[in-house]
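My questions all concern the structure below.
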Amino acid sequence: MSEGCKTIGVLTSGGDAPGMNAAVRAVVRTATAKGMEVKGIRRGYAGLLDEDIVDMPPVSVSDIIHRGGTILYTARCREMFQPEVQDHAAEICRKHGIEGLVIIGGDGSFRGAGALAERGINTIGVPGTIDLDIACTDYTIGFDTAINTAMEAIDKIRDTSTSHERVSIVEVMGRQAGYIAMWCAIANGAEDMLLPEMYDHDEQALIDRIIEKRRKGKKHHIIINAEGIGHSVSMAARIEAATGIETRATILGHMQRGGTPTCKDRVYASIMGAKAVELLQEGKSKRIVAYRGGAFVDYDIQEALHMQKSLPEDYIRISKSLIR
Amino acid sequence: MSEGCKTIGVLTSGGDAPGMNAAVRAVVRTATAKGMEVKGIRRGYAGLLDEDIVDMPPVSVSDIIHRGGTILYTARCREMFQPEVQDHAAEICRKHGIEGLVIIGGDGSFRGAGALAERGINTIGVPGTIDLDIACTDYTIGFDTAINTAMEAIDKIRDTSTSHERVSIVEVMGRQAGYIAMWCAIANGAEDMLLPEMYDHDEQALIDRIIEKRRKGKKHHIIINAEGIGHSVSMAARIEAATGIETRATILGHMQRGGTPTCKDRVYASIMGAKAVELLQEGKSKRIVAYRGGAFVDYDIQEALHMQKSLPEDYIRISKSLIR
Amino acid sequence: MSEGCKTIGVLTSGGDAPGMNAAVRAVVRTATAKGMEVKGIRRGYAGLLDEDIVDMPPVSVSDIIHRGGTILYTARCREMFQPEVQDHAAEICRKHGIEGLVIIGGDGSFRGAGALAERGINTIGVPGTIDLDIACTDYTIGFDTAINTAMEAIDKIRDTSTSHERVSIVEVMGRQAGYIAMWCAIANGAEDMLLPEMYDHDEQALIDRIIEKRRKGKKHHIIINAEGIGHSVSMAARIEAATGIETRATILGHMQRGGTPTCKDRVYASIMGAKAVELLQEGKSKRIVAYRGGAFVDYDIQEALHMQKSLPEDYIRISKSLIR
Amino acid sequence: MSEGCKTIGVLTSGGDAPGMNAAVRAVVRTATAKGMEVKGIRRGYAGLLDEDIVDMPPVSVSDIIHRGGTILYTARCREMFQPEVQDHAAEICRKHGIEGLVIIGGDGSFRGAGALAERGINTIGVPGTIDLDIACTDYTIGFDTAINTAMEAIDKIRDTSTSHERVSIVEVMGRQAGYIAMWCAIANGAEDMLLPEMYDHDEQALIDRIIEKRRKGKKHHIIINAEGIGHSVSMAARIEAATGIETRATILGHMQRGGTPTCKDRVYASIMGAKAVELLQEGKSKRIVAYRGGAFVDYDIQEALHMQKSLPEDYIRISKSLIR
């Protein structure tokens, strides 16, 4: 433990995601078991700059593994992109004795982590976002809960859509990325999915498919639309006008960010939180914990921020015979 | 069984509601046990007029008690308010040997039931609507499931609202009636509720309450808004502008109509469906099955349609110290 | 408020039930709004005797309405049946300035409440038990959550029971009373129910029904058995031996006592907690808050303890054609 | 498509698992899209031997993706291990024109698949078991649903365990393998886990840990015990006798096999079902579809049956500071 940290901080940043509490708990428990002390920084980088910092003994994380949200609160913090603010943030860490810092968040948060690492604070990023849009990892904290939340809501919408023989557009989260939409489209047996990565803007073709399926006797037509495409309400009005079939839009919204985490989110978030502490103990810095190729690994932050990822081929090919 | 019916029909009408299938199943099972035959009329009165009528042996209702929606489909049918259409509908019933008819739906559907009764078809209404806005009864099929669906969604929104220290407006169903909104406001420990029955249109007072509570340290502010008031998105924009606190609106929408019914909805819907058949067997007509004063009772349809009901005093008084 | 209490206590006693926290929260919030102070007594009467008493400002009940269990802990306390222990308990109340006491629990707990009332402490009972076995009330805190928990588990058991064409015995809670068993039997579309109130001990008749239904093509046979009858495992073995059909027993057990409360349990528990404080404010004592005939009412404790209740006629008659 | 099959069969075998219906649906939909016909074989190999075979047009798999259990029913079939029975089974396939066969099940079922492949029927196995105990794959259909079902039940048990300050032993499925137990122990924040792979039989050490934690103020002590170790009820009695702390056992049982599948189980099962058809189309036989190293792959059946797998190192190391 010679090179390791004695006192570490932990913060959650960006949009919250179910499982963040499990990660925070794992950071505290693992660090404590290794003889480190943990400080909780509230409201992400904004709270760091405000020195909104509290001690986190083991009891502070009792009874939180199953809770949605983040007990540390979170915020977006644009200032943190400015070099002089980054200097200041590093100083605050030093003032509070924080030698290592675990940052749970998305790509924006990791840029701050990179900046702090360059300023001498050992930082480890843990991917937390329901959108799955972090290139270096096949798993991000909260995605599994979000897809189940959305899927269960869509199952309910499907019941009533069938009873009324309606077309339903359901808009799920995912501004840049269609992962949630694609998973739900497969899982809910949807008739159509609109993903930002492969949207053809051909609304007429969509309308034609609806008319054709109705002719074949389909009692409902569920369209999963990603937030990145949006406009679900006006799209519904146009479809209803063109087809004569009652069409309703639902925007699932923020409920997708909350809720008690699924088993996978609790377990993976726990392992990632623990891994982050192990890396700090080994004296590592500027790394992101990731899950890739079926294993927990870690990458250099800069390297990770330059990776690309796209919707898996398999899923797209296979969904063609399943979603229709 | 001398005055009773030998063949009865069953239909679901108006907006669908979880538990309608349990009621349909109880109609079929109870009627079969009493030696009657059952015909299912699909898509409400619209289907009756189209003679979309199927035999319902006991096996047709196997494995449906737990399913949302209605296996008989449903529709709204404006034509059914016209006397000559009502004449025709009664004739179709006679043509198919339907002596008695169980109509599961809301007030609009019961008006049709009254008209058919006057034309010699024995009709019994069963209250099915998630909105609880049928005056003669303290219970309507689907309300219990709808409030639990909404409550669970709001629990999730509350998680993320707290993490981000946001104001959240959640719009729940209820065009004329604030029952869903009031129950959720109590159950979710909301800070404010806006009900059509008692809306003061004083948005400034609402804004003042938000600012005051934030000053006192409240991390979230959940406002439950009933559909009958609506305008949640623009209201959120105005609140954010006035308070400077991030404010988000979610319109829960049609998911509130679906989903597997709760235990109460399955049990009460089953009892009401069975009661409807018992009434037909006794030769009764033009009655609505209701739950009132803690017991299952029945009322004359016309009488029932003229009853009034309002939000219970108790709830309103008590919610004053609980919702704040 | 002249006759009312200035400081009140609240405790939960006997088996815990989902919704107890909502009741505790309503006691604290309502009392605070009326200018009273609240003291929480932990671990029921046992904690009272140990003077395990804490102040409960409004913040102590933040964020608990949706939590299962009871933040005040609970215990059974046999000593409290002894008159000299009751004297001592009343003295402890006086020592801590507790003029009024809200007791959330079952019949056993209410006997203690009656004894304290005779010793000058104003006591109000609130019915909290998942078993619904309190005679004066049609509702007890936790029953609605328990039946939904059991029902959802049985829905899952039914899936696998059908896949394997098995007989399944599911034992639900209810030592003296078959309410949970009866509601689940109706809600899960069970084939048989065994209730302590009307158990005929005729296992051969049960076996004959299983064989007959299998002959008619039924793919599963679900038997809901109440804890008060028990012996599910040995019964399964005997049925398998007699019928040659694979038969499995599941004892649902303590999971039925936990979980986030349903909407009804949160709302009714909130109203009952608030009512209890209103009664104390009016100077009432030795009363139980109840829900009867569709309204929230209150009864004298002694009177309430002598009431009788039995399974509702309606349910039993109707279940005959539904459960089979 | 020259080497591919024109008519394929599909069966589910061994213990049922949530997601099997999604796999069956994907087989039917993908095959239909490729111009193949599908026959459903009911009750696994037992149904094949009985020629319990039905046509599966696309409509036969409508509205099943979200259902637990298997619409094809399942059974264990010991006879299928005998070479002459395998000869007969292959003949029945040929008689019904079944050139390719998708077998959804566990290792036992794959041995039958291997035997049929040697007899000229193209067979593809798809791993379906809640226990995750198939060596060649990191994912099996149903595991994700089972761990969430168990986790949610344990969350509820934990509520009441805390309220009563009890020790709770919860027995989860897993006769040979402790995967469900390990995942739940991490996800539920358990204090102890007993896994068949690493059970030390040192009950005294377990009792000592319970006593020590109680001394430190822990309000509950949850022990997750795998079915393969069992004896939860007698273990609870011994712990209660030794510690004086109330101790209760719950055996979760068959509810873990049912329920609507999670999003992951629906999506992965769909992909695996589709992959199986693609392999048959390519003329492949005697393969198992697997998920390994983060990708969907396939292995020779014999090879797969000889693979070994053990609990992942990471999980075990990390759980040491998390489960305690």
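Which chain is which? They are A, B, C and D, in the order written, and residues in each are numbered from 1.
We take it that a residue touches a chain if its C-beta (ideal position, glycine included) is under 8 Å from a C-beta of that chain, and two chains touch if they have at least 3 such contacts.
The structure presented is a predicted model; accordingly, all values stated were derived computationally and were not measured.
Common neighbours of chain B and chain C (chains touching each): not present. Chain centres here are means of the Cα atoms, and by that rule the chain farthest away from chain A is C. Centre-to-centre spacing of chain A and chain B amounts to 36 Å, using the average Cα coordinate of each chain. If you average the Cα atoms of chain A and of chain D, the two centres end up 28 Å apart. In whole angstrom, the spacing between the mean C-alpha positions of chain B and chain D is 39. Each of the following residues of chain A touches two or more other chains: 155. Taken as a graph of touching chains, this assembly forms a single closed ring in which every chain touches exactly two others.
All chain pairs that count as touching, in label order, are A-B, A-D, B-C, C-D. The residues of chain B lying in touch with chain A in their complex are 12, 16, 18, 43, 67-70, 73-75, 149, 153-165, 168, 219, 248-251, 253-259.
Residues 25-26, 29-30, 32-34, 63, 65-66, 138, 144, 147-148, 151, 155, 183-184, 186-189, 260, 262-264, 266-267, 270-271, 274-275, 292-296, 314-315, 318, 320-322 of chain C touch chain B in their complex.
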